[in-house]
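When the chains are written out, they are named A, B, C, D and E in that same order, and each has its own residue count from 1.
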Amino acid sequence: GCASGTSTNSSSKGSSAGKDGKAITVVFYPNESAKSFATSRDALKKSIEKATGKTVKLQTTTDYNVAIQAIASGKAQLAYMGANGYIQAHKLSKDVVPFAAQSDGEGTLKKATYNSYLMVQQKDADKYQENGKYSIKNVKGKKMSYVSNSSTSGFLVPTAEITREFSIKDGDKDKLTQSGQFFSKVLYGGSHQGSAVNLIKGDADVAAFDDADLMPYLKATKGSWDKVGSTFTVKDDAEAPFNSLKGKSVVNIAMMPVQQGPWVFNTKTLSKDDQTKIAKEFTSQEFADNEQIFSKPGSKKTSMFPKKTEKTKLLKVTDKWYAPTHKLVGY
Amino acid sequence: MIENSQPNPNALQPSAPKSKHISLVTKPRKILRTVLAVLAIISIYSLATLNSSNLNLADAFHSLGVNLNAMFLHPSVGQDSWGQLLQALVTSVSLALLTTLLGAVVAFFIAVGAARNLAPSWLATGIKAVMAFIRAIPTILWVLIYSVVMGIGASAAVVGLTFHSVAYLVKAYSESIEETSQDTIEALKASGVGFWPIVFQAILPSIVPALLSWTFIRFEINFANAVAVGAAAGADDIGYFLFMAGNFYFNFHEVGLIVYLLLGVAIVLELISMKLRGHYLKHN
Amino acid sequence: MKTNYQSPQQFYRQRRLRMLIVLLILIGIYVGSMLLVKFQTWNSIVKIPAGLIWLFHNFIPTERSISYLGPILYQLWRTLLVSISSTIVASIFALMAAILGAKTTTPHRSVSLVIRFGASLLRNIPVVAWAMILLFSFKQSDFTGFLALFFMTLGYLTRAFTETIEDLDAEKIQALQAVGANYFQCVFCGVLPEAASTLTSWVLYMIENNLRDATLVGLLTGTGVGFLFDTYFKSFRYDAAGLIVLLIAILVILLELTSTQIRRAIA
Amino acid sequence: MLKVIQLDKTYGSNKHSLKAVNFTAQPGEVTAIIGPSGAGKTTILRSINQLIRDDSGQILLDDQDIRQANKGELRKIRHHIGMIFQNYNLINPLTALENVLHGRLGAKSTVAGMLGLYSDDEKSEALALLDEVGLKEYAYQRCDQLSGGQQQRVGIARALMQHPKMILCDEPIASLDPKSTKIVMDILRKLAREKQLIILINLHQVDIALEYADHIVGINSGAIVFEGPTDEVNDGVLQKIYRQADQPGAVVTANEN
Amino acid sequence: MLKVIQLDKTYGSNKHSLKAVNFTAQPGEVTAIIGPSGAGKTTILRSINQLIRDDSGQILLDDQDIRQANKGELRKIRHHIGMIFQNYNLINPLTALENVLHGRLGAKSTVAGMLGLYSDDEKSEALALLDEVGLKEYAYQRCDQLSGGQQQRVGIARALMQHPKMILCDEPIASLDPKSTKIVMDILRKLAREKQLIILINLHQVDIALEYADHIVGINSGAIVFEGPTDEVNDGVLQKIYRQADQPGAVVTANEN
């Protein structure tokens, strides 16, 4: 359906477009900038063009700040972000408003979360048990690995969990981020995979990362992805950087739910009309059935949104729904 | 003349010709040695206190060998195609060309104001301080600023990178200008020539080889910078593929291939610069 | 180039033609690149002031930033140490490489070529690739940052030193040969003293440069002022990030002043 | 005619470099200023075209006081005073022809000067001048590929391109070998005669001065100690001019550089 | 005694720069080599201490053929041949004293030379030599702060530090003003007389050669056209030596740079 998109292109120029331009710019977070999502991004572009009749410009970036500033300043009209990133952008500009997020397997927002973990090596797992239950009491003084200091699931959520557990004061939060203070050493893996590798190789005692990024490499050999205390083992056919780590196992000692990231628009530079059109298009069933955007459950080829079940789709959300993350971030 | 012997008193200071032992150490030599000693001590102290996090050197070098082997002996295009990579490479080269050309033109005019033999001292010092400040701001910050102001894309990358380009070249150019002999400038001044004609007719031709060589060095740096931050501004350059291959897919083979491509560009560039410089020095 | 022209008019016509061609080529390159990357020259130039205003508006340190001063100063100090030590260690190796690699002092042409190529290799490996090469093997630590700076500095200094030595007057070295001095004596008593002040300038400049590249070191090491900048930057504490930039600028300018002073004193 | 009247110059606060200097130089004549090193020869020459600003006195070129000229006027006056230097001071990478044409820059507008836009007439004239100094074949050669003597002649052609009333030469032959010296001095004398120029030359070599100059100005420690036609110069005069310089013996150190 | 026998040298493949050159130079005498530019003066001098390797012939210094010496021997021979250059070729940032001490490098072990370890005796001697050339006060001055004439004298002291049998001078005074010229030439002549050195000087200035040399070697286009005591040089001889150079008129171009 791209033919219809181009035909209305010129007619819509002066009218309502992005208030300062004809094209709608969509910016993607580094994660979603990945090359393998190129098809998904193109499909998205077509959908938006179809819905609004305007040209769409896709912008990938490798820097979180650039993405956040772009949507906050209104230079981009549309963005797909992480929950934390959204909160930051919303703080910079109230015009940034969420309008859709991925649902849970039931097609509702109830469990529209993914998981972030604190994991340890299997051989050390016992040390983190208290009365047969896993706890993070013992992580103090250990070597810690985060993803990067702008990640939601690989940094923000785990530090919030640790802050809560150890009742760390607000002003001392930075202590969690630097070597030789709370932790004997703090590492940044640069990516979820990198953080996991830090742990499995033994450079870190404790590592934070999420499920979505590690599923291609790890399988749950005891328990499941939804249970604390489960054991995960590197798959035999895992690709780099795990190819030399086959068979190694890790155990999750804590699991924190993270809210799915929202699609947001900048209400100041995207016309009301387009806002409605896009929101409607994104939350439609037709959109959820687009295989280039939603990969089928269990499918080999991953698209931007992997479906847990057939019911998975995008649902309408508001800023209110993100209250938990607001609380986590502190504003 | 008498007045030229005025540096004598301090130059004579190890004046012990009578005594048996004659020292060769002069004051500047002592200062140099002190500076070197201080730097050496700082280095040793800093090396000793470096946190190497109980690194196992044998393992480290082994894994280094394995990685280098994967990168440089088994390069491959990974999941991208040659077409994509080459096109992105061209984009990166274009970014570097744009930032270098823009930088060179802007920098030349500013450099005239920053050269001590042409401009008043306060102006030269002022400009140089501002340039030092600009260079202290990380490139990624410039890119961020301009993607906020102009939107993500190549334009932001170009403008952001050009700032450093200008700041660097102003320093380099103004130092080249300062090296042109005051006498030649004076010769034209003595025949009643104005400021800008002197700049373009006397100074510019004299420093062309130096300008060329600085500009090419800067091109090399701009190219590296374009690769490093172009991707952040969404310029769709080779840096994006490098970032993806390195940070997302951990594909050493593809990183190796991209490094080879970058080296190829660098070598071609070096050959061109050698040719041009040789040509200019010999023939013009 | 022809050295005989029919008339000065023809000479100037030719010269002007050549200039025109060069100019056209440059403009061609510019326009070509511009179209390729979709760069809008005029639009961009007009927005430069807006960017500067945004910068000052957001990055001016506030009173709150003062509370960050402690850790910032400490990390700045650490970073300075790493910049200095990596530069000094690299300059020792670079000096040896340069003496072996400079056309005037090389024992053999092939050695010179190998060294040039090696230096070019070191200079042109991008940061991301360094990060991969070093991070995977040497982990995230001060040491990794040191190594990265070391290799990059080595690449640049080898080139700079080589050119400095080649620029020396070959006759001066010959004068020592004529005295009966051998290779090492010529190098130590002739080449090094003659080049010393230029070499020192380069070393001092590189220290400054490495300090500026601290952001990159931060990326690799998770320490140093670069990492702090990264943390503040990514958590949108722009005032603190601005404070770091300001302090780095001040330190760089101070270093530049000291190094000018030192150069003057050792001259 | 050039008339220097009561010219005084003090560098810094202490050194009195020129003390009430008076002399004249006539068109059609070669006037040589001789004197020991540091006597003030260079200072006089540079005061004349105001490359250094003197403290007091008058410098009359055809009855106009150069010292009173404002910035614009000074540029115009300078354009009519050629200057030749010991180190030629040409723009090395440019051709002889271009260097000669630089003599016209002072008469051009800023833009024309910046772009080096010369008229066809000017170009022909430059070539003719190069021919006059015997360098026609070298017109398109880079200046740093010329020998010292040839470079100095390019310098002379550049000065002539200014259509000067006067040429100031600061030790024009100090870097030249004897043969080139002869060529250059012959040209200068010829120019004085044929074009009725005022030619003022600072010289170290007394023999050359006696051979070529019509008029000699002797200076010692900033004061004129002799002025008169060349044939009035005798050993006594020379002794007076070089008073401190002729201590015998090889070791003359302090007053040498 | 230095005996050059049938020395031949061809640069590249075409140019025959020296053709069967024969001459001798005696200790205690100043021998000057004169000839037009490009005649081969520098080539002869540099062949003597083998800075350029000649093609054939013999160079006998006190009956030892320098051309036959192996690398180690050559270092020793060179150590006894001082060399003075037109551009002095001192190591600028070092003091005059250190530059003079460089004269000892040829006699030192590699390591001692590298580290500049000189004995107290050597240092006193260097100071004495600087005194001899009139530069005692400048011993601790950087060389680039000295005037040309002073630098050249440091060069002479460096050569003397070698305890030479012979000093080769390649246009030692071409960059000097007349007064410095006199000082330097006086020193060289005095050295020849007092220390019975062989002093071989390339000169452009005929007048200086005639004034200071005992023995003159005239060369033109790579061939010796005159050799004999100075008083045998007359206008005819000079004409022969400078054959192509004395075309009359201002335009002497091709053979000048």
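Some points to look at:
The criterion applied here is as follows: a residue touches a chain if its C-beta (ideal position, glycine included) is under 8 Å from a C-beta of that chain, and two chains touch if they have at least 3 such contacts.
As the structure is a prediction and not an experimental result, all values here were calculated from the model.
Pairwise, the chains sharing the most contacting C-beta pairs are B-C. Chain centres here are means of the Cα atoms, and by that rule the chain farthest away from subunit D is A.
Centroid to centroid, with C-alpha atoms defining each point, subunit B and subunit E lie 44 Å apart.
If each chain is reduced to the centroid of its CA atoms, subunit A and subunit B end up 38 Å from each other.
Subunit A and subunit D, compared by their mean Cα positions, are separated by 80 Å. Shared interface positions of subunit C, i.e. residues touching 2 or more other chains, are given as 131, 136, 139-140, 196, 223, 233, 267.
Within subunit B, residues 4-5, 28, 51, 53, 140, 148-150, 153, 239, 243, 247, 250, 252, 284 each touch two or more of the remaining chains. Within subunit D, residues 37, 256-257 each touch two or more of the remaining chains. Going by the touch rule set out above, the chain pairs that meet are A-B, A-C, B-C, B-D, B-E, C-D, C-E, D-E. If you check the complex, the residues on subunit D that touch subunit E are 37, 133-135, 137-138, 145-150, 174-175, 177-180, 183, 186-187, 204-205, 245, 250-253, 256-257.
Put simply, subunit A touches subunit B in their complex at residues 25, 27, 30, 33-36, 59-63, 65-67, 69-70, 73, 75-76, 179, 185, 190-191, 193-194, 203, 239-241.
Taken in their complex, subunit C has these residues touching subunit D: 2-5, 7-9, 11-12.
Every residue of subunit C that touches subunit E in the complex is listed here, in rising order: 169, 171-172, 174-182, 184-185, 187-190, 193-194, 196-197, 267. Considering their complex, residues 49, 51, 75-79, 81-83, 85, 87, 89-94, 102-103, 105-108, 110, 113-116, 158, 162 of subunit E touch subunit C.
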